Amino acid sequence: MMFSLEGITKTIQDWLFSSFSPTVALLIECAIIILLAIALFAVLGLVLVLMERKVAAHIQIRLGPNRVGPGGMFQTVADTIKLIMKEGLTPDMADKFLFNLAPFIVMIVAMLLLAPIAFAKNFQIWDINIGVLYVSAISSLSVIGILMAGWASNNKYSLLGAMRSGAQIVSYELSAGLAILSVVVLTGSLQISDIIESQKDGWWLFKGHIPVIIAFVIFLIAVTAETNRAPFDLAEAESELTAGFHTEYSGMRFAFFFLAEYINIFIVCAIGATLFLGGWMPLHIGNWESFNHLMDYIPSSVWFMGKTFFLIFLIMWFRWTFPRLRVDQLLNLEWKYLLPISLFNILLVTLIAIMGWHF
Amino acid sequence: MTNEVLKEQILTLEPTATFDETGEWLNVQVEPAQWKELARGLRNSAMHFDYLFCLTCVDWKTHMTMVYHLSSTSHRHNIVVKAKVDRSQPEIETVCDIWRTAEFHEREVFELFGVVFLSHPDLRKLILTDDFEGYPLRKDFEDPINMIKL
Amino acid sequence: MYTQTEVIKDTTTAKGAENELVINMGPQHPATHGVLHLVVTLDGETVKKIEPHLGYIHRSIEKMTESLTYRQFTYVTSRMDYLSAHINNLACAMTVEKAMQIEVPERARVIRVLMNELTRIASHELWIGAMAMDLGAFTPFFYAFREREMITEIMEDSCGARLTMNYMVPGGVMHDIHPDFQKKVKAFVQQFKDKVTEYEDLVTNNVIFQSRTKGVGYLSKEDAISYGCSGPVARASGVSCDIRKIYPYEVYDKVEFDEVLDTAGDSFARYIVRIKEMNQSIRIIEQLIDTIPEGDFQAKTKAVLKPPKGEFYTRVETARGELGVYLVSEGGTTPYRIKYRSPGFSNLSALDHMARGGKIGDLMATMGTLDLVIPDIDR
């Protein structure tokens, strides 16, 4: 194939290891990865915010940003510059240290989650053998940042928002984890590359296992809740709590929360695409050799991004069509419906795996 | 019920009440001391005045008049009850235990006219700030800065 | 007496009892739609007490009116309930007409009713959007404003203003209707009928919306009457209180429409009542739009209006409920005293009763369906 990220990375690595000692080469690789991760962050933030505004505008029969640059393309750049230039206020009675630390914790958690994601064929920062477990473990840390922000702000709205967020993320973690587990059980591996490899002949969602489809739906609902997106945006609920946990944040610190929210959406959608939609695997249908061959010509990175952005679009669609749930309804939905269904579902999946009914 | 029937029934409740029929609705004049009793009667008797749709006060410079507009949701008849209160020391019994809407309306009248409603559960200022002086809707209220005289 | 802006006192420094959290909702808060200030006492997420603090937009219109002539004072009322500007103006004009026994031409009466019903629809449209926003759904707002925009344009043609219109004057209406009026209203009626199903899909049939509003903010019939509630709030609790039906004014006794009643008394019932009321308004408009009688749009009146000594009371049905104008005249060129009985003021007083024991989210649903307009409450 002409265009392949795999080839580029391999060339760079070979060149580095031939020119420098292994330690120096590793350090340079680390630096490159850090730079790339930060760049990806910035680009994703800009693209996703613009995408959200355009999707929202389309759903709400209006145009959306259309002044800065062609089709409003540079609107988010302008917004970012504005946010950087703004004064970062700290409330008088706030716990200054925790108040300043909180946005960075949320950001760092989002960054850490990038590590095991396979962006294209053999293009992955860290193919750790417990990749899925790593994602579940790290993603629950962001609640610490949110609780910290809510508590340190010395604001009642922030506190309420943070408490809501805590209850919500801790609950929905369970369903999300169980939904992820169902794929792990069928694959028999926690490693991201193995999971993708197992979907060579067909994506888990389309293989026809009903429990997997149930798991996918539960996963979508749970991650929407975990990322504090509408209809589960109770932590921010602007009509109830003005802005929830980030009421007191301004300028770049607010932007970090904002950015982390979008990065988190990207990551959960990337995980969803990897687990249920085959990651970078092209669409293959049974024995249609020519069709499968044609699909292979589309670069694997395009497949991955396409699937991820499709899921992101779904989550945005939710946000702009549904009203918000009430806090007790939110917890009822999790503990009374999603969790029992997930538990039963995982039993079914295990049964299928043990009996070897899957393919 | 017609005005005649209403008059008769009100007189049995409150013999000292006087009537005035020049307006659109029957006007009843009572003493402030008798108002609470009459109000309870109007609400609970066969006349069934359960809807207090307007409660206000008029400053006549020499005295003030409390005006209560009452209506019945079952019989669809209306009356107006008026009670003269003293201007220097305006006091009248509250009716917010009979019609709960009166609670807010009485607080409004309290701060804008200075009428004190006895045994009102929560007689505080509702609209104006706590340290505002004077009663803006009285005729002798002067505010050289904010009031425009035409 | 105030000569300069003073810092608003933070009432939340007053500590609540143990396990209580006192928060200030407003005067700047996204859900209070204006400068309403609620001091809410919470136990966790549960609302224990609500105490409204009013007056942030109090202009003392009643006092102002005492120094305005009978021609001038109607204009101020557009700034009370700015979403029912026409209806407020009409109440004032009708009070003066009642006092001076002015006979309003038939054409003016029909135009007045048409304008009133358009105003009612516009107000309810805005309410749907704002209420859905309180519940966290943004999109219905834009759908509602699409239709509302057409009404605003119709208003602009005839009255020259899009908000705070001044069109009703004692004796009739200020100008004749715009030549395009009938055409545009018919286009609007058609558009509304086509698009009202979109609200049903987006809002009414939404499971989350129903679970957020059904059984929330219950108001019994007795309480509704006792709190002096009126308009859709009272009608959703089963109180028949539509002034247009009970004490018909203008040409409401000649058109066919139903008083929309519901008995559930919850937020969803209030929502349904308003949706159905829009359809009834459309019905009224359809009956009148083709048969606007020819003739004068304004009765001949004297340049200076001087109502006789006496007391006059007018009741009209605004989009929010019953508006009463109590005029005390001493025979001069200005009113001696005017009292506006505004629907929002009484409806607000029931909020504490309705929202107690619910969650913060329920408070938003309840407050949203009360349809509060703050300048109407403060006056």
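Note that the chains take the letters A, B and C in the order they are written out, and that residue 1 is the start of every chain.
The criterion applied here is as follows: a contact is a pair of C-beta atoms (placed from the backbone, for glycine too) under 8 Å apart; a residue touches a chain by one contact, two chains touch by 3 or more.
Since this is a predicted model, take the numbers as computed values, not measurements.
Colleague: Which chains lie in contact with each of chain B and chain C?
Modeller: Common neighbours, chain B/chain C: none found.
Colleague: Taking each chain's centre as the mean of its Cα atoms, which chain lies farthest from chain A?
Modeller: Farthest chain from chain A, going by C-alpha centroids: B.
Colleague: If you average the C-alpha positions per chain, which one ends up nearest the average over all of them?
Modeller: The most central chain here turns out to be C.
Colleague: What whole-number Å value describes the gap between the mean CA coordinates of chain B and chain C?
Modeller: Measuring from centre to centre gives 25 Å for this pair.
Colleague: Roughly how far is chain A from chain B, centre to centre by C-alpha average, rounded to an integer in Å?
Modeller: Here the centre of chain B sits 63 Å away from the centre of chain A.
Colleague: For chain A versus chain C, what separation do you get between their C-alpha means, in angstrom?
Modeller: The answer is 45 Å.
Colleague: Send over the residues of chain A in touch with two or more other chains.
Modeller: In chain A, no residue touches at least two other chains, as defined above.
Colleague: Counting only residues that touch at least two other chains, what does the list for chain C look like?
Modeller: none
Colleague: Spell out, as numbers or ranges, the residues of chain B touching 2 or more other chains.
Modeller: Within chain B, no residue contacts more than one other chain.
Colleague: For a test of understanding, state which residues of chain C touch chain A in their complex under the given definition.
Modeller: 12, 21, 23, 29-31, 45, 132-139, 141-143, 146, 202, 206, 208-209, 211-212, 359-364
Colleague: Where on chain C does chain B make contact in their complex?
Modeller: Touch residues, chain C against chain B: 1-3, 6, 9, 52-55, 58, 60, 62-64, 67-68, 98, 223, 225-230, 239-241, 246, 310-313, 315, 322, 324, 326, 328, 336-337, 339, 341, 345-346, 348-349, 353, 378.
Colleague: Show me the residue ranges of chain A that touch chain C in the complex, using the header's touch definition.
Modeller: Result: residues 56, 59-62, 156-157, 160, 164, 230-231, 233-234, 237-242, 320-329 of chain A touch chain C.
Colleague: Chain C touches which residues of chain B in the complex?
Modeller: It comes out as residues 22-25, 50-54, 56, 58-59, 67, 69, 73, 76, 80, 99-101, 103-105, 108, 126-130, 132-134, 136-137, 141, 143, 145-150.
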